[in-house]
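The letters A, B, C and D name the chains in turn, as written, and every chain counts its residues from 1.
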Amino acid sequence: MVTRNADRLARYERRTGWLLTAAAVLFLVVYAWPILDPDLPPALVRASSIANITIWIGFGADYLVRLTLAPSKRRFLRTHILDLVVLVLPLLRPLRALRVVTALARMNRASLSFRGQTTMYVVGAVTLLGFVGALAVLDAERNSENANIASFGDALWWASTTITTVGYGDRFPTTTEGRIAGVALMIGGIALVGTITAALASWFVEHIGSVEKANAETQDEVASLVAELKAIRTELAAAKDTSQPEG
Amino acid sequence: MVTRNADRLARYERRTGWLLTAAAVLFLVVYAWPILDPDLPPALVRASSIANITIWIGFGADYLVRLTLAPSKRRFLRTHILDLVVLVLPLLRPLRALRVVTALARMNRASLSFRGQTTMYVVGAVTLLGFVGALAVLDAERNSENANIASFGDALWWASTTITTVGYGDRFPTTTEGRIAGVALMIGGIALVGTITAALASWFVEHIGSVEKANAETQDEVASLVAELKAIRTELAAAKDTSQPEG
Amino acid sequence: MVTRNADRLARYERRTGWLLTAAAVLFLVVYAWPILDPDLPPALVRASSIANITIWIGFGADYLVRLTLAPSKRRFLRTHILDLVVLVLPLLRPLRALRVVTALARMNRASLSFRGQTTMYVVGAVTLLGFVGALAVLDAERNSENANIASFGDALWWASTTITTVGYGDRFPTTTEGRIAGVALMIGGIALVGTITAALASWFVEHIGSVEKANAETQDEVASLVAELKAIRTELAAAKDTSQPEG
Amino acid sequence: MVTRNADRLARYERRTGWLLTAAAVLFLVVYAWPILDPDLPPALVRASSIANITIWIGFGADYLVRLTLAPSKRRFLRTHILDLVVLVLPLLRPLRALRVVTALARMNRASLSFRGQTTMYVVGAVTLLGFVGALAVLDAERNSENANIASFGDALWWASTTITTVGYGDRFPTTTEGRIAGVALMIGGIALVGTITAALASWFVEHIGSVEKANAETQDEVASLVAELKAIRTELAAAKDTSQPEG
């Protein structure tokens, strides 16, 4: 019964995967559009808002279906905390778009090493985080009085200085919502710098002469052992040949 | 005599561990409360202050008892410098709260790898350091004339930009106490970035194909050696069988 | 036919290599001069501009010749994206100068380890990127009204604070062109910090006692195996000697 | 002749080592004093200046003596570039003080691992660099009109934000000398962050289960090989014993 449910969950996720990714892309569009175009006619703003809510309901229904199909509810709840958080906290809604990166990452899984895959995923996720963070900050700051982020260009520039931990301070959020987006970008920045450094480090380690040499030397000695043994075996066979006729 | 004292020290620390952690939590409460609520009635402010001093005396007594029980006083003094520093320097008192993280870290020691444990501990310690540093800066700056950190929100935001080494400079400490707290957060930030990067790097190194492959190849060759030897032994036994009847 | 073309491509690249590097150095001169000396007589400004366009045509012709000589056009297009981008996007023209670093890196390839080579290349490339980025920002900002980067000294100082991710914010670009140059420097900065950290990490890993010791121990044990086998072989030969006379 | 000179150079360096370290400490004092105390009586300022020049002459004489004693002049010039640069460029004079760190590092060489030694050296050198950089910036900025670093407290705070790459930008150098000191601190900061991260990474790598396990498994298999061989040898001896009586 448990395995059958696990099968049904896997089948369900395989079938709905692309649908949910499409929903995440659509979400990105209806989230970004009203922010990027402040002169959007009210009808389209309302349409965006309705699409946004519809997608939210869709993600919620998907979560409930998967919870129902999961063999162990407790384990599902524990391993899908981000899914729940993104559903419940309105402020973290934009993170739903990260699904797009997961889908892209799944596409070229075959051609890359483990390290290459992880690095590509982190670079993709942080780039998307920067884009979404810029949107979120622009949305939060635009109507604030003392704010200094007024255009999407400013917001993207601020996001770049934040993710790379440069932080000039010519642009910075002043509202609570904007600051929360800022902290998310800072964490993303540490992840980005950390992953790139770590990938380079492991690449260097892979090419360390002495470690490779030591391994090669061990293999050479073992190979000479095999040769030695073959020689013994031949001699042994010869010895048997000379002693057998006597029998 | 020395081992008996070491036993008594270990037993004492096992017994008082949770009490001291509770004292550290209480300290965090009585330290944070008067800073977060400037309108606290004077009676509660005085109560907080008394609790604070009582906890300080408690930690001091604990230090003296452990020093008395330690088999080698010199070694105890050398390995517990932080304990002494936190007792003597009023400015570093807030670091007492780090005990909470140690206690939490001890709880899930079993389920995590060495790297996972260290990373969790550093992330926990730096998060607590950020919280305590924000309190310390707010306490120091609030009554300064030219200061720009006036609310706990500002202080938390400043602490975030400092720990991630972004440093916009829209908020920064101007008093000596505030700057010392700032330097502590910067050091914490380097520890945080360094630990996360290092954990990722060692995770990548663990998955380096060539190193694993080289090890696997060596093991394969050694296994073929064992097979070769088994074959020799069988032939040897056969040779003995054919030569023995002659004897 | 394919190998013959690959040969011709390699021969062509060997012959034209130094010419293109010389063109990259000349490009650096004619790019930097009019920016560094605003009082340059119009005739020289025009001459610089003509030299710049000529070099651009030369790089374009080189790209087309190499594409024609390449055995697999598709593969050439895929592995030479940067060459094409640098040709097509006017904003990224300064990156052509990176060719100089590649040429320098090729010169001392022999004397350095893989890690040393990579580190020297990244340090060289990021230093050149900083110089070229400072020029680009100065060019973009000088005529902007609200700009704060007015001299090459300011521009170099700003580039230093950006590449090291310090980012004081006393100088920062305000135009779109300047901000794009800024983002390029930030990415270069992450590459620089990452490479230096990674080189240090792999250097430390190379000196880890336990790994070296484990390898040495394995090699010692294998050596004792070889000795053991030699002894067996001698005994076997002796056994044959004693049994053969009987034959 | 060459070895005798190398001997004499080593003997000379052993003898004068502590003298030069003492000179470096004295240099630090006479360099720092007039900067830290602007109200120093002119007589003492002049005395400091004379001591400074005397130490400079001493370091110069030491360099010439060592160059004379060196077996290969060319090699000495190539491996002691920093010594020459510190002598010739007045701006880099403060770096002479780094000798103190080298001396301290030499003292506890025995008790620490290679990684621990390097980390301690870098932390020591960067701390001293921060102190000396703060002095240099204070010296350069104090008399500048638009400067914002006016006290040693400001200078130390600025040095801290620079070395940790936080860079608030509330304090920053405005003169060319100050900016050069700033770039030196930024490079020191990258070295500091890089070294700490790298030390942590190699520490984690040292504890990676799988690598250690793979090594241990190989060693186990080799040990079982040795046992197998011993058994063969015993059987072989037994076989010889049974076949020999026949001879």
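As a working rule, a contact is a pair of C-beta atoms (placed from the backbone, for glycine too) under 8 Å apart; a residue touches a chain by one contact, two chains touch by 3 or more.
The chain list, named the UniProt way, goes like this: A, B, C, D = Voltage-gated potassium channel.
Not measured: the values here are computed from a predicted model.
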item: Same or different residue numbers at the chain A/chain D copy interface, by half rule; value: same
item: Farthest-lying chain, centroid of Cα atoms versus that of chain D; value: A
item: Equivalent-chain rotation between chain C and chain B, CA atoms, steps of 5 degrees; value: 180
item: Repeat of interface B-D, chosen from A-B, B-C or A-D - more than half of residue-number contact pairs shared; value: A-B
item: Approximate Å spacing (C-alpha centroids) for the pair chain A, chain D; value: 39
item: Approximate Å spacing (C-alpha centroids) for the pair chain C, chain D; value: 28
item: Chain A, residues touching no fewer than two other chains; value: 161, 165-169, 193, 197-198, 201, 205, 211, 215, 218, 222, 225, 229, 232, 236, 239, 243, 246
item: Residues on chain B engaged by chain D in the complex (per definition of touch); value: 113-115, 118, 161-162, 165-169, 172, 174, 176, 179, 182-183, 186-187, 189-191, 193-195, 197-199, 201-202, 205-206, 211-212, 215-216, 218-219, 222-223, 225-226, 229-230, 232-233, 236-237, 239-240, 243-244, 246-247
item: Residue ranges of chain A touching chain C (in the complex, touch as defined); value: 153, 157, 160-161, 164-170, 192-193, 196-198, 200-201, 203-205, 207-211, 214-215, 217-218, 221-222, 224-225, 228-229, 231-232, 235-236, 238-239, 242-243, 245-246
item: In the complex with chain A, residue positions of chain D that touch it; value: 165-169, 197-198, 201, 205, 218, 243
